[in-house]
Amino acid sequence: MSPGRIVCFGEVLLRLSAPGAGRLLQSPQLDVCVGGAEANVAVSLARFGREAAVVSLLPDNALGRAARDELRRHGVDTSGVRFAPGRMGLYFLSPGAVLRPSEVTYDRAGSAFAVADPGAVDWETRLSGAAWLHLSGVTPAIGAGAAEAAVRAAREARRLGVKVSFDGNFRATMWAAWQGDAPAILRAIFECADVAFADERDIGLVLGGDYSRGSVEERRRRAAEAAFAAFPNLQRLAATVRTHHGVDRQDLSATLATREAWITTKAYPLGGIVDRIGAGDAFAAGVLHGLLGGESDRASLEFGLAAAVLKHSIPGDFNLVQEAEVRALVAGDGLDVKR
Amino acid sequence: MSPGRIVCFGEVLLRLSAPGAGRLLQSPQLDVCVGGAEANVAVSLARFGREAAVVSLLPDNALGRAARDELRRHGVDTSGVRFAPGRMGLYFLSPGAVLRPSEVTYDRAGSAFAVADPGAVDWETRLSGAAWLHLSGVTPAIGAGAAEAAVRAAREARRLGVKVSFDGNFRATMWAAWQGDAPAILRAIFECADVAFADERDIGLVLGGDYSRGSVEERRRRAAEAAFAAFPNLQRLAATVRTHHGVDRQDLSATLATREAWITTKAYPLGGIVDRIGAGDAFAAGVLHGLLGGESDRASLEFGLAAAVLKHSIPGDFNLVQEAEVRALVAGDGLDVKR
Amino acid sequence: MSPGRIVCFGEVLLRLSAPGAGRLLQSPQLDVCVGGAEANVAVSLARFGREAAVVSLLPDNALGRAARDELRRHGVDTSGVRFAPGRMGLYFLSPGAVLRPSEVTYDRAGSAFAVADPGAVDWETRLSGAAWLHLSGVTPAIGAGAAEAAVRAAREARRLGVKVSFDGNFRATMWAAWQGDAPAILRAIFECADVAFADERDIGLVLGGDYSRGSVEERRRRAAEAAFAAFPNLQRLAATVRTHHGVDRQDLSATLATREAWITTKAYPLGGIVDRIGAGDAFAAGVLHGLLGGESDRASLEFGLAAAVLKHSIPGDFNLVQEAEVRALVAGDGLDVKR
Amino acid sequence: MSPGRIVCFGEVLLRLSAPGAGRLLQSPQLDVCVGGAEANVAVSLARFGREAAVVSLLPDNALGRAARDELRRHGVDTSGVRFAPGRMGLYFLSPGAVLRPSEVTYDRAGSAFAVADPGAVDWETRLSGAAWLHLSGVTPAIGAGAAEAAVRAAREARRLGVKVSFDGNFRATMWAAWQGDAPAILRAIFECADVAFADERDIGLVLGGDYSRGSVEERRRRAAEAAFAAFPNLQRLAATVRTHHGVDRQDLSATLATREAWITTKAYPLGGIVDRIGAGDAFAAGVLHGLLGGESDRASLEFGLAAAVLKHSIPGDFNLVQEAEVRALVAGDGLDVKR
Amino acid sequence: MSPGRIVCFGEVLLRLSAPGAGRLLQSPQLDVCVGGAEANVAVSLARFGREAAVVSLLPDNALGRAARDELRRHGVDTSGVRFAPGRMGLYFLSPGAVLRPSEVTYDRAGSAFAVADPGAVDWETRLSGAAWLHLSGVTPAIGAGAAEAAVRAAREARRLGVKVSFDGNFRATMWAAWQGDAPAILRAIFECADVAFADERDIGLVLGGDYSRGSVEERRRRAAEAAFAAFPNLQRLAATVRTHHGVDRQDLSATLATREAWITTKAYPLGGIVDRIGAGDAFAAGVLHGLLGGESDRASLEFGLAAAVLKHSIPGDFNLVQEAEVRALVAGDGLDVKR
Amino acid sequence: MSPGRIVCFGEVLLRLSAPGAGRLLQSPQLDVCVGGAEANVAVSLARFGREAAVVSLLPDNALGRAARDELRRHGVDTSGVRFAPGRMGLYFLSPGAVLRPSEVTYDRAGSAFAVADPGAVDWETRLSGAAWLHLSGVTPAIGAGAAEAAVRAAREARRLGVKVSFDGNFRATMWAAWQGDAPAILRAIFECADVAFADERDIGLVLGGDYSRGSVEERRRRAAEAAFAAFPNLQRLAATVRTHHGVDRQDLSATLATREAWITTKAYPLGGIVDRIGAGDAFAAGVLHGLLGGESDRASLEFGLAAAVLKHSIPGDFNLVQEAEVRALVAGDGLDVKR
């Protein structure tokens, strides 16, 4: 089942969120889970039977060890996780409801990952035997060192013949905090990517154009054209389309562009949403799983979208589903109690 | 209020489910409740003021005693519950959400009920003073012994002049586990039934025909005709109609066929569903409560449907409502906070 | 930011509710929060930066002190809260779901507030420096003494040149319990009010007319005309319009009448409602906040409605939002996760 | 096993307590259980296999019904529980720890039981077939009506040839609240009692003497002599002896005086106490169970003491143990994990 | 740090226990953790940095997968865990308190492990590269097949030159359930063992002698002599000595016999015990960790005892401590808060 | 009751701790409370009826606001709390048990308080009307800026005629993290102090001597002599004496030295300790409350010790007791349930 190892590089975080529908610290408890864009992708892939590894740095304390253990629990290879000085990266989540959006407060300044030496990872070792390296735009947004490390990782992968997948994940407030040159840095990574998860706003940010007019399809096709022109290595550009009727009711579909084709899916109506965080990572992992398994672009996109849809039903960052559950949703197997 | 005693025969189970919206064992807690198709019916009837008894076997340990106590709590007569060797029957529930269906994992092999002697119950004693015996198709699906016990119970009731109500409740995986001849065994029980809760698929399974074409009404009327022809004792055939828009949003209506008439109801739109398990049992209990109280078929059906609707708002297997709440829903008393 | 102090007079209660979606005492826990119509208004205003005070009586025990502390926590001035003999006023809430309405069981007989001397408050001191006094129709419904105290408060405010805002909040069962003459007593308070929060049913109750025919606008405009005619001091009459699709799905809009103008808003679709209790108080506080800040009637109404909308997303009686969140909803800032 | 029915008359309460070791409302939850001195005795006896009934009045709302259901759950006959106007009797518990004692705040004014007509119970019906009536000193402490009802119950039992057991349970603050003449009223009940659970302070209060000098044995023997002299019907006087080393570490032994004999037990060292409330009721129930079963005074006392000891290990008012567990403690069966 | 792999063979179980200090199902929740004597040893060893593997069979459902994941979380190699038909082995725990002992109800009949083919494990593969095989007396107590599998495992290890450690863990009720010949079967495993964890009762059971007279030292030395005489491969015999002052207060020391020496330790006073389950497994793992690291018998025994002591402070079956914490206890580093 | 305002200057923290007796992140929840040495003192004093204020800096986000609100809840004046850039200071607590000590992991690097300008506080305003300034040794341990701010605060108070109390609270790992010159900086604050809470180790650290020989009394008297000699402003030196029998069982007494007298107390035996954190702050607050109220040194010391004793019974950093409870413990009012 595992034709190749996928290595995910990025910061592993603890998410601390208000239990139930309350506001942060309305009651004196916090629910905790482990997350982070790249860890989320690795956990999804490991649960789908892939050999997935996380390369990261964590603080050498009870929190860092617990985060490592949680990755291990889901079958992720953590031999590339090192323990280093610094604090644990955190984020606080006040879950939204009705017409009040969820709110994330990052607390990752000074983390072991953020303060690490950009050259700390021996990529020849880490990528040995790997088929893919997965990165996200969150990592370079952390700070100058992390940005350098991310670009270096992408280039090393390229040099070593390892394919690169990149999830744009633009986080404006994180870039603003250290005044990083987001377009230039993200461009450097896009240049290495074979597959990118990004929509027209991401492309506009990176390439400078305006893709905000016309239908979603028109906007995305134009953005894809520009991206394929700018980045010769890029072969596929995929993204979800999300429509909000309320915080707990949304529609989700997806698009995938190749240099030859344009694929769109039907929209799933999502009601009673449990947790929307990590849906993008679930999508990326699902598409990669399809591609790695030699499935068609359409089948990979539909698998990725169904994986993303299921993520909305599961609390926490990780998409704790079985491959068979994703296949059942793609197949339209029905919604009544399964006994 | 109690013109007659209703005796419900079947296995009492513990349900162990993931708390909140998490997956089974995502967090290290389980919510526990007592359930089982026939116990659910007995609890509903007792709460509506009926004299309801459960006849069952439970293991003589803390779990079996707790299950008995919970029935007692809701006013069910448990003098027919015996403690016997064997384990407690369990089922694990991973509650669904959004577009991920709920999943039940039965764990009832080797239970005190499953391994009991099919002739263990002294039905003359148990049915003394009873107006009705209620059975469900779950019991014969448990195994050969339970199937024999269920058929015997139905026949004894018939012999003793006690009316029989039977809820089809077909469980394919349970029958498959011991390769029981479901059609033959279920037919033997249907032959004794005065009232059956079953839809066109149940009838098709039992009688062998195909009732899958046409509108719901057409399918069900044809199935009812076949059932009335095959089972001379049968007087009423009722079932709900469920449409899924999502795991938390469905529509529910109901149909009831007699040898003379065909009754359908409006559909209730169910949103923000809390727990769908036990809705069928709530429906059966509601219809029986109406019939036992001498209400018309239509009124009984509408009461049963409203009871089933309310069940979707209550966690656990039992329909913890008051009769007045069901009447208020039938009467359309409004949805704002009652102070 | 605080052009004047707002004094809220009424009983502070503990709310005890079933956790999750269960029925009262289905599981052996209760969630507790502090509430009461006037306290809710004070907390909203304090959180919006206003100087808000509660004048009340609480029992001198752990419960009374905890209630006082909770007000203090949210920035309310509690120097006007006295500790007195009597018990703590409680209310029990069985939260509704799907098509089963929420149910409130009041347990406030014999409370320190209910048994207090109607003349116990020294209003000259309490209203010194105050711009507004806020009352609600719950207070006079508590009993003869509370009714006398409420009327006295309104008249004292009027005498001292302090503006009066009054929320009708008619509670039929409370009035019935002591057979109070609701129309007469409420009229006495309406006579003192500059702003009233009341709909056509409240006005019909107080003035005796029938305003139940025609569209919402027609009914309310006629009721407003009658109210303005009957109560020369009254300048504004505001209320929300609520449509129920289910317990967790409703629409909410609002109307405001002045002697010169009639203002209505768009309707917000509310899905996945968390807690509807206190939405009326959130609305009143929001409108008052706008008016106190010198905003237009329309802006005040829209702010009040948005505040009420957000309340539906927050468990408990208090509207634990920031002013900026209300402004963001008015501005239509979008529903996706804010990072 | 059931040579006779025991009827327990008194108020059934809800206990609301802070979860864990926190103070009341330190966190926004309360644990709830059902209790009340007489209900506690009835539950113990029912769990030991006795036919035990509670005669009481509860409010006709969700709280009253839940309290009745909880008694039923443990096998108590609740046919003598009537639903009547009034509120639910409550008590709030702030559990102690280390050197901070637990604190009970009663909230039972205006309860259905407190406001009931003293002559409301038809004792001929209620005591039909009963061997014993059990009362406690809490009931007459509730108020004048309850005191009259308690005395009447004791006298009716005597008249009908039903034996009376009485647990002194002196509650000074409750008597003070209505300035009841505790000595006179308690004397009237002691006069009817065959068995009393009371120590030298109780006897001193009722008979007016001072029994506070000398060893525990000396004090109690003198008190017993006085009680036997004053109350010709009294045959047995039993009580526990409690020594506090801390809130969670105490020693417990017991004494029983008859007109002929004086029995004392060894002291059990209690460490890590979970919940001390209800231990006196567990003791009374245990002694009664022994006496009803025809066991010797010594065996009955030792069973009662062991039952009381076990109560300290169980949260809530009820002593949720099996008879076999009490027997095992009496037999000294060891403390290691039982598998 | 890992001079050799340790393979632990046995059933992995889910423990379901009442939360807090309540009785089983007193409240409708269960705490869940993963356990089983051999899994507990493997987790301890993995956390101490050893390469530890579990060989077992689990059902192919959500429960079996969750159990496997939990082992993985703590760093155990689960490549030897196979998924097979059958149910998940469970045990229910009612935690004791004060003078009421904890109670375990096993529910492992029909489990995937219990119904497995005794020859299912390919030991040549599983023990390849292993230094030790660890077994416990629980496994052969499960049933005839499991007994055969355990004996076979021990003999294969012996044959392949892999050392065997064996924890007696006699479970009388489990052996009684299938009337297994415990002495004969356990003897067969003792014959293969290099290290055994067993006290004088275990040896008496296996060898038939009576070692119940004299001091603990006398009894154990005589038992050790007999064991060394009967089992020529046996080199070390270790066990803890436990004295109960109450369920939450006990003393713990340990003894170790070799063919040349007799070692005893000081006794640790344990107060406020959190969870005593798994302490024996923590002891075995600690002793093995010392021996595997080349430490002296005394140092290994003291490490094992300190590990067992710490287990009493941790809820669940697993001993979730760091090696440094065990070392600190051995070194007497003090009990005040570490900052 | 309030003869003067006490101003407490220091960092307010969130404590995140494992619920129950589990290890950090053993289960996916954290209990949260607000704490910090100086905030703890302010809360105690406010609850004793003193006018207490906290001067601090908190981040302008949901966490900072919640921390401020919690102080306000307990009656602390928070007008001196400013919101500033930076993160929220946190600490993680793994609560100990049996013989495993509790463990604190600080996570306060980069906090709003730590990165603040040392001259940010306008002390003339903040100390206007104040009788005392309270500081602790934690503040200068945070970093160079905080150290400068603490020294400045002490000197400003001295200059403005405000008395200074100082709690040594030496935190070696915090000083080590930035290699601060603890002796020199602490000396600068001791020089300003009228009352110091410090034991012989603190004095040894600050003054360089060795006070580790002899009895507690001898060691402390010598340390006090040295301190009074070195610090002419110092009038009183108080500290508790703690003996550990286990994590949940300790003895606590206290000593106070003045220039004329030496006072010691009896030792309280503490069993079943709930939470030992904040006991030192509770002691300091209790002693200050006595001194501020004009009580004798002995009475102040005994009040402080009893307050510290009670703190061990309460979860969280704050000593949530009433003054009357402290007085009752001093008076020896008994440990049985108070009703």
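Each chain gets a letter, A, B, C, D, E and F, in the order it is written, and its residues are counted from 1.
Here is the rule we use: a contact is a pair of C-beta atoms (placed from the backbone, for glycine too) under 8 Å apart; a residue touches a chain by one contact, two chains touch by 3 or more.
Owing to the predicted nature of the structure, the values given are computational and were not obtained by experimental measurement.
In terms of the stated touch criterion, the partners common to chain B and chain F are A, C, D, E, listed by label.
Interface comparison, C-E versus A-F: the pair with the greater number of contacting C-beta pairs is A-F. The interface at A-E recurs elsewhere; of C-F, D-E or B-F, the pair that shares more than half of its residue-numbered contact pairs is C-F. The two sequence copies chain E and chain F touch through a face in which the numbers common to both fall below half of the numbers used overall.
Rounded to whole angstrom, the centroid-to-centroid distance between chain C and chain D, based on C-alpha atoms, equals 45 Å. Distance between chain centres (mean CA atoms), chain B to chain D: 42 Å.
Shared interface positions of chain C, defined as residues touching 2 or more other chains, are 23, 28, 103, 271-273. Taken chain by chain, the contacts link every pair, so each chain touches all the others. Partner chain F is touched in their complex by these residues of chain D: 20-23, 26, 96-104, 106, 171, 173-174, 242, 244-249, 271-273, 276-277. By the touch criterion stated above, chain C contacts chain D in their complex at residues 16, 19, 23-25, 28-33, 61-63, 66, 87-88, 92, 94, 103, 105, 107, 109-110.
Residues of chain D touching chain B in their complex: 69-70, 72-75.
Those residues of chain A whose C-beta lies close enough to touch chain B in the complex are 20, 268-275, 309-310, 312-316, 320-321, 325, 329, 333-339.
Residues 27-28 of chain E touch chain C in their complex.
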